[in-house]
Amino acid sequence: MLSRLSPLAQRTISPRLLSNAQRTLVNISYPSPKIAVLELDRPPVNSLSLEMSAKIVESIKEIESNPEVQAMVLKSSNPKIFSAGLDITEMNRPTVARLEDFWRNIQTLFLTLYSTRLSTIASIDGHSPAGGCLLAMSCDYRIMSATPSYKIGLNETKLGIAAPYWLKDLFVTTIGYREAEVGLALGKLYSPKEALEIKLVDELVDSPVIDVALKRADEWASIPEKGRVASKVMLRGAMIQDLEEKREMDVGWFRDFIMEEGVQKGIEGYLKNLSKK
Amino acid sequence: MLSRLSPLAQRTISPRLLSNAQRTLVNISYPSPKIAVLELDRPPVNSLSLEMSAKIVESIKEIESNPEVQAMVLKSSNPKIFSAGLDITEMNRPTVARLEDFWRNIQTLFLTLYSTRLSTIASIDGHSPAGGCLLAMSCDYRIMSATPSYKIGLNETKLGIAAPYWLKDLFVTTIGYREAEVGLALGKLYSPKEALEIKLVDELVDSPVIDVALKRADEWASIPEKGRVASKVMLRGAMIQDLEEKREMDVGWFRDFIMEEGVQKGIEGYLKNLSKK
Amino acid sequence: MLSRLSPLAQRTISPRLLSNAQRTLVNISYPSPKIAVLELDRPPVNSLSLEMSAKIVESIKEIESNPEVQAMVLKSSNPKIFSAGLDITEMNRPTVARLEDFWRNIQTLFLTLYSTRLSTIASIDGHSPAGGCLLAMSCDYRIMSATPSYKIGLNETKLGIAAPYWLKDLFVTTIGYREAEVGLALGKLYSPKEALEIKLVDELVDSPVIDVALKRADEWASIPEKGRVASKVMLRGAMIQDLEEKREMDVGWFRDFIMEEGVQKGIEGYLKNLSKK
């Protein structure tokens, strides 16, 4: 699989033998002065722990701080998984304080990525369920590998939980109200072809996706920043302001949902099944 | 035509020789513990009178009261008409009190069907204009017969009236703003193929539709209830709350529109034409 | 090219030898008692100056004042350009008073065309960028020439500026949130075929477009007015009221954006380039 990756992807891929403690969780590179690549690198599946979310936010701010940089490509170090979403161990018998803090970091991750002045291109080379789909939808443009076995979507209901209201809003703005209604209710995971049809992704290419993602980043980076950012703020400002105002309400909703005994038992069973595999 | 109906459809079909007074207006059956079938049975065309609306609401509540039931299929006893919509005789020189009460029952029908915790599957085996389209759009999923002569849509403007604001909102969330704008203005009735293209229905099958509807009901019933209902409330809650707050304003709008002499003359002419046929 | 125009188009076309001062900016004709044709006639490219906007508004009001007229076709006297959008000389080192007044007239043009009781059909026979696209989207129905070289869209960001918030809203209701997001960010100009795919236009026909536009005007004019207008108000009322309340805020936003030295330099350079050609 690695041999199929482009030179850039090979250059930014992380050494697989490091322990997680030694890893930096993400890698930043600059293929050209206007373009940054933010590579998610938390094996095995780039799941979003509190620390991983905080690290991504910190990295976006670092990239933003250079006024020359206009576009950012978001990719994965794993050639088959973009991100598997929330780290479920964060939700397994947590303390209330840690759980609330975890969720605040997920909110901040969304708010930071969704509102950045940078043009953001998701290079989705692999599975992208739940929180992985959230990361992709928070970008400005999505390119996915056409590999038919890959899946993307919000499958929360299948796990017995529900997406938060702002992720529902993001889903609606991306694929339209009607498709979002069915997709959320059934917890649908879409193939790349289905995802393209409902415009959950904008483009399909053969793996590796990164070369096309860098080309698109160049195109987005060529648009004068002032008008482009003004348009982005006009479109995304209302949703951002709404969540800013309701953050603690949303934290309470998440905490109460997850701490319920029925949901906790479901998570326990899910993790036991995983460890048996 | 009857011979083409599936066994379930034959079992729940009503004796055609009963007078309307003797009929129960709807029939409820349970093909499996998790699935209910609500059959509209007000010949000749399942038009929505005050009593018919009240009866459907009562039936949904009865089905909801059994916690085991997860999904409900809505169908018609008429093999060629799902529902012709509002009973126009309710609007022909009515008393103000009856007309207002009629409209309150239509509102309650929408609110009850649109917000039920049950997954709702519309099995649309025939024409479904105006109020028939309202019933279908209030469900979670719509399957229509592919028979090309059948029609579905909101044709109110062609009759000289207008859909209420909440039906307009429902139309917009179902098929999108732009298509709703044209469809409402022109009072368009869509063929099954056109309806599928604009996502007014989700699936086309050859008649009888009921077998596929029961299959989909099984799929929807397999999703854990808690997350599924939380998602439904998040998506539909705002529209429901809005109408709850504006019910009497909406009753006044409908009453004033219908009681106008020009509209009354139009309805009179329409009914005279019908009785000549 | 002229020989390909329909008889009506030939009849309403303006004499090309008149100076702009002698021209009336628009021409009104009535091919039938229920149908008006409003022809934009400000050579070379029907750009929207303060006077042109005011003249279009005055003409719509004149047409509306005849209760018999039900539909209006909006077309161009130029066989290759519908309208090139805002007159950029209005934004080149203007006085603040003139610039603000210019923008108020653009707002009024949008509000008048978007909310008229008339059914409005855009007959788009040529290029239609930026303000030209605004005119088209403010109508009820859009027919465009299939000529592949023609372009339509909101290309403001490519010129270093941004569309106002209400034009962004109009774009979203017309083509959906997701497509609007990409189209605005990149300042995309769509070919007729692309415009049809995203429903930015409703229909493509070979030039001349006017014959089909008049046919559609007949169809829209046949719908009873009362219900049709009630539906239009229900769908468009909120956006109209919103801008009515925020007009001066929007004038301030436009003025501050345009008067910025960087934007002024950009406009100067753009006009110098034009004059060299």
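Letters A, B and C mark the chains in the order given here, with residues in each chain numbered from 1 onward.
FYI, a residue touches a chain if its C-beta (ideal position, glycine included) is under 8 Å from a C-beta of that chain, and two chains touch if they have at least 3 such contacts.
Remember, it's a predicted structure, so these values are computed and weren't measured experimentally.
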> Taking shared residue numbers divided by all residue numbers at the interface, is the value for subunit A and subunit B over half (same) or under half (different)?
Replying inline: different
>> How big is the rotation, 0 to 180°, that puts the C-alpha atoms of subunit A on those of subunit C, in steps of 5?
In response: 120
>> As a quick test, compute the distance in whole Å between the mean CA positions of subunit A and subunit B.
In response: 39
> Which subunit B residues reach two or more other chains?
Replying inline: 172, 176
> Which subunit B residues qualify as touching subunit C in the complex?
Replying inline: 156-163, 165, 168, 172, 176-182, 184-187, 257, 262-263
> Contact residues on subunit B for subunit A in the complex?
Replying inline: 119, 140-141, 172-176, 199, 202, 219-220, 223-224, 226-228, 230-232, 234-235
